[in-house]
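Common to both upcoming complexes is chain A, partnered first by chain B, then by chain C.
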Partner chain A sequence: MTQLLINALIAGSFAALMASGLALVYGTLGVFNMALGQTALMGGYVTWWASTSLGLSFPIALLIGMVAAGFVTWLSFEFFVEPFFRRHRFLPLVTTIALSMILDGAILLLFEERPRSIQFLNAEPVTIAGATLSLEQIVLIICTLIFLSLTAWVLTATSLGRKIRATVLHAHAAESLGIPSGLLYRITFILSGVLAGLAGVYQGIDQNLTPVLGFSITIKAYAAVIAGGKGSLKGAVIAAYAIALLEQLVIGVPWFAGTYISAGYQSTVAMVVIIAFLLFRPQGLFGSTTRST
Partner chain B sequence: MAYFLHLLIMAAITIPTTLGFNFVFGKGKILHFGHVGTAIVAAYSLILSQQVSGSWFQAILIAAFCTALISLFFSWLALKLEQDAFGILSIAVHLSLLAIVLNATALTRGALGIPGIPRMPGMETPEVFAIVVVIVVLVWIFFAWKLNASTFGRSLQALSEHRHHSEALGIRRSRVYAGAFLVAGLGTLTTNVFFAQYLGLLHPSDYGFPALIFMAMCIVAGGPGRVFGVTFATVVLILLKEGLRFLPVTLVPLSLRGPILLLLFGVILSVAVFLRRETIFPKQRSV
Partner chain C sequence: MKKFLSTLVASGLLAACVTTPATDETIKIGYIGPLTGDAVAYGKDTLNGIMLKVEEINASGGIDGMMIELIAEDGRCNGADATSAAQKLINIDKVVAILGGQCSGESLAAIRVAEPAKVVMLSPLSSSPDLTLASDFFFRDYPSDALKSVATRTYIRDQGIKKVAIISENTDFAVAFRDALKKDLPVGTLVFDEVVGPGTKDFRTLMSRLKNTDFEVFFANGQSDAVIGAMMLQMRELGISKDAMSHEVAESATLGEIAKDAVEGMAIISVPTAGVGTPLESKFEKKYGAPQATIAFVAHAYDAMGVLAKAIDAVGTNGEAIRAWLYDMKSYDGVIGTFSFDENGDVLGIPFAHKTFVDGAIVTVNDIAVN
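For the complex of A and B:
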């Protein structure tokens, strides 16, 4: 059981990084970025390329990966979100799906289809309370918690965070008070990309990077955002960890007459549970019910 | 001639599913991205039933029942969830159905697909196959055109423009949504009756996310809600897709065709959305 909880913590940390970025963007702009999974892969692949092909040290490669993910997200905003989201907030949902295909194609052309893994510490696994986990995983979990805490701190305790929250509450009122909402949209979007890029590096270290992962990563993270209550950073993070725990329980616990569910159905069962939950509580864990039109 | 027949058959096979999906995504403005999930249910229930019973007629009846069930399930989800949440979770349902197909190997042979699918009696030659498919698609276009202009079509459009006003005027959203999703299901069933038997193979890779992008692209490029526009866009995009597939290996190596197709379709969809950004999700009509 301890191993299941540790596995959920590892998988949940990855999903929480993605989901927090998505929740941030949804909270600020009210749009979904369906290409964020591919952005995460781009961050991971660039880090892998910088460390293996260019032979750079891991911290510098990581920095390059983050910059690349942030740059891709900025371009996504300028060309696939900004020209559309003021017309209708659902338009970027379609345009970013198109972008996800473009990035999928670009990743396949640039990095090929074979799995790539990022070498980090290569230390011996350690045992904590009967559960085995690698040193890389411990570092990744701690880094995730630091990044998430930092994001929460920036949003709640800094001037920038107050400006972002003011824009979320009423963009026009915030603009009339001199808050540059356009700049804040860009900062939020780029921040979500950097968090996604970090998640991509996490994936490359913990497992491996393959081009087909992009879309399933996005969907799982969005499931967390919706289940947590759209736009709620706290809800997205809690739901991401809850979904990861659910997925571990699905395959790690004997269900019917002592039989185990195949790992192939792990995500399917989790999605069914989320859909069932949303049918009873459409606004999610921390969302509020409002009539849209 | 064989290549022309292939293009004709592929275009004709694809039109029913795009026209059906057009009622949900194009006309109804419902963010349904799980249409390929419906296609998976239609295709696998049809082919597995055909293999068990040996009868195409029985198989079509069973597949129609299964497709209607999954269509009504999507319709129910669309009613219960918020628009964008439904968009995301409909993709989740699609991916879950794909995961079931890939993992239930004893039934579906997983990633290997089901080979050796026979054609319906009398449709063995490409010429006869093409004639039957073209007749079916012409009937479908006529049906979609009539439906588009009917009370049902107008109700669907009214709901997409202003849901609460429409409901206040007596349009029952649950009934109209169920109808739209059932029409979309019927379209995808029609396509899948012909698709696997034409190729002689039912393969899960044909039911991935690019298939949905292709359909969304046909609708956006052809004009959301427009029957003839979507039909024309489907034909043009099928020509493009199949044309790229048959380019000489020396010009575009096989390994690069998949990524290039992804890039190309992504760019086309983006440009189409940009050009139609005023009409995809319309503003409310002012009276």
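For the complex of A and C:
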């Protein structure tokens, strides 16, 4: 059982990084960015490239990867979101799907089809309370929590964060108070890209990177955002960990008279969560029911 | 493009001919394979392997004084293009036989055109089990995928393994392999049998369950080295140190790079690396450079042309006569080994190989005979 919790913590940290950025973007702009999974891969691949091909030290490679992920999201905002989202907030849904295909192709061209793994720490696994995990994973989980806390702190304790939250609550009211929404949109969008890029690096260290897994990552992150409630960072993070735990429980414990559910159903958990929340609690765990756009 | 390619190939052949043909007539042989697109590496290697053999035959005077003319068409690794390629080769060029297709999809489609025209197809590369009973006119010198599970069963039996745990990726290839293996192994051998969604990378919880299962060897049945790598890493992380095995997907240098110690000593049941270290390899590399995929593909193609030339030499250019000769052929000594064809045109005598990772590099342990 401890092992299941640890497994959920490992998988959940990855999902939480993706979902938190997405929650901010969905909250401030109300748009879907379907290319976020590919952005994560971009961040991971560029970090791999900088550390393996250029031979740079890991922190510098990570920095280059984050700059790349941020740059890609900034470009995608300028060319695929900004020209469209004011006309209709569902338009970017289509344009970013197109973008995700373009990025899929670009990743294949730049980094080839072979799987890549980022070398970080190579230490023997340790056993804590009957569960086994590696030093790498401990560092990854702790770093994720630090990054998420940092984001939460920026949101709650700084003036920038207050402006972002004001925009989430009511964009027009915030604008009428002189909050520059255009700039805030760009900041949150780029921030979501950087968080996704971190998730990509996480994937590259913990498992490996392959060019085709972008879309499934995006869907899982959306499940967390929908379950967490629109624009709620706290909700998205908690939901990300909860879905990860649910995914482990579904296949990890016997359900019906000692028989296990086939592992093939693990990937449907996120979908079921999306549908269940949309049906029974569309505002999510921490979303408010009053606001409408 | 097709015309351009065939002219290119034909002119290349003419330029390569050193002896003048005894007569103006040539023996036309068709080729179908992916010359453009994702699978182009298969096409390039097999076509070059065949051309090498054609040049050798022509240089030594051809067959009964007649030069071989190879006409290559692009099958693009799909049935539709392979069908039009076969129609063109058979109806316009009037080829004696076709070497191809390379992708199984090409072969399955093209044989529908070749069979009514009584033209023999001999594939150096197609491995789909569906081709075994596809046609009387279809032959191949590459082992069917169905034999892979036979080789795996043989290995498991020879090692005295009674309990196998398997995790399969839900793709055509991996699930077909698991089903075949399940059929071939004694009932109850698969003590842990899970199928995961395509591209799954998180196996931790399955591995936690596997840890509490009584098994002897773990079979990593993934469609890609990325998935097999994730399986093996997470299994070893949990401290499961039992033996592991896989099929030819694991025969990837990249897997050694990404999974390192986790795949060390893992048994890989794969087709033999025909052609490595043979004179053919050095001849080929001098002329065409390193193979795009592997020298094994070159060797299977080179031998396919060799065996076809021998058939034409013996019985002439009639399709039915060539077919009868190939079925009756006792054995052919080729680069890939000494082989013949069974009653379905599948190759006999090509053993599978047991390979493993030693210090991250793939080495062959021994051959596994399957028929």
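Basically, the second predicted complex is superposed on the first by the 276 of 293 C-alpha atoms of A that agree within 3 Å, B and C clash if a C-alpha of one lies under 4 Å from a C-alpha of the other, contacts with A are read in each partner's own complex, and residues count from 1 in each chain.
The rule is simple: contacts are C-beta pairs under 8 Å (C-beta built on N, C-alpha and C of every residue); 3 or more make two chains touch, one makes a residue touch a chain.
Since the structure is predicted, the reported quantities are computational estimates derived from the model, not experimental observations.
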Touching partner for A:Ser134 - first (chain B), second (chain C), both, neither: second
First (chain B), second (chain C), both or neither touched by A:Thr95: first
Partner chain(s) touched by A:Phe80 [first = chain B, second = chain C, both, neither]: first
Superposed model, chain A: greater residue contact from chain B or chain C: B
Contacts of A:Leu279 with chain B and chain C, given as first, second, both or neither: first
Touched partner set for A:Gly105, first chain B, second chain C, both or neither: first
Partner chain(s) touched by A:Asn7 [first = chain B, second = chain C, both, neither]: second
Residues on chain A lying within both footprints (that of chain B and that of chain C): 216, 262, 264, 267
For the chain A and chain B complex, residues of the former touching the latter: 32, 79-80, 83-84, 87-88, 90-91, 93-95, 97-106, 108-109, 215-216, 219, 222-223, 226, 230, 262, 264-265, 267-268, 271-272, 274-275, 278-279, 282, 291-293
Of all residues in chain B, those that touch chain A in their complex: 31, 33, 77, 80-85, 87-89, 91-93, 95-96, 99-100, 102-103, 162-164, 209-210, 213, 216, 220, 256, 258-267, 269-270, 273-274, 277-278, 280-281
Residue ranges of chain A touching chain C (in the complex, touch as defined): 3-4, 7, 10-11, 114-117, 125, 127, 132-134, 203, 207-208, 210, 212-213, 216, 247-248, 251-252, 260, 262-264, 266-267
Complex contact set, residues of chain C against chain A: 167, 170, 194-197, 199-202, 204-206, 208-209, 224-226, 229-230, 233, 237-239, 254, 257-258
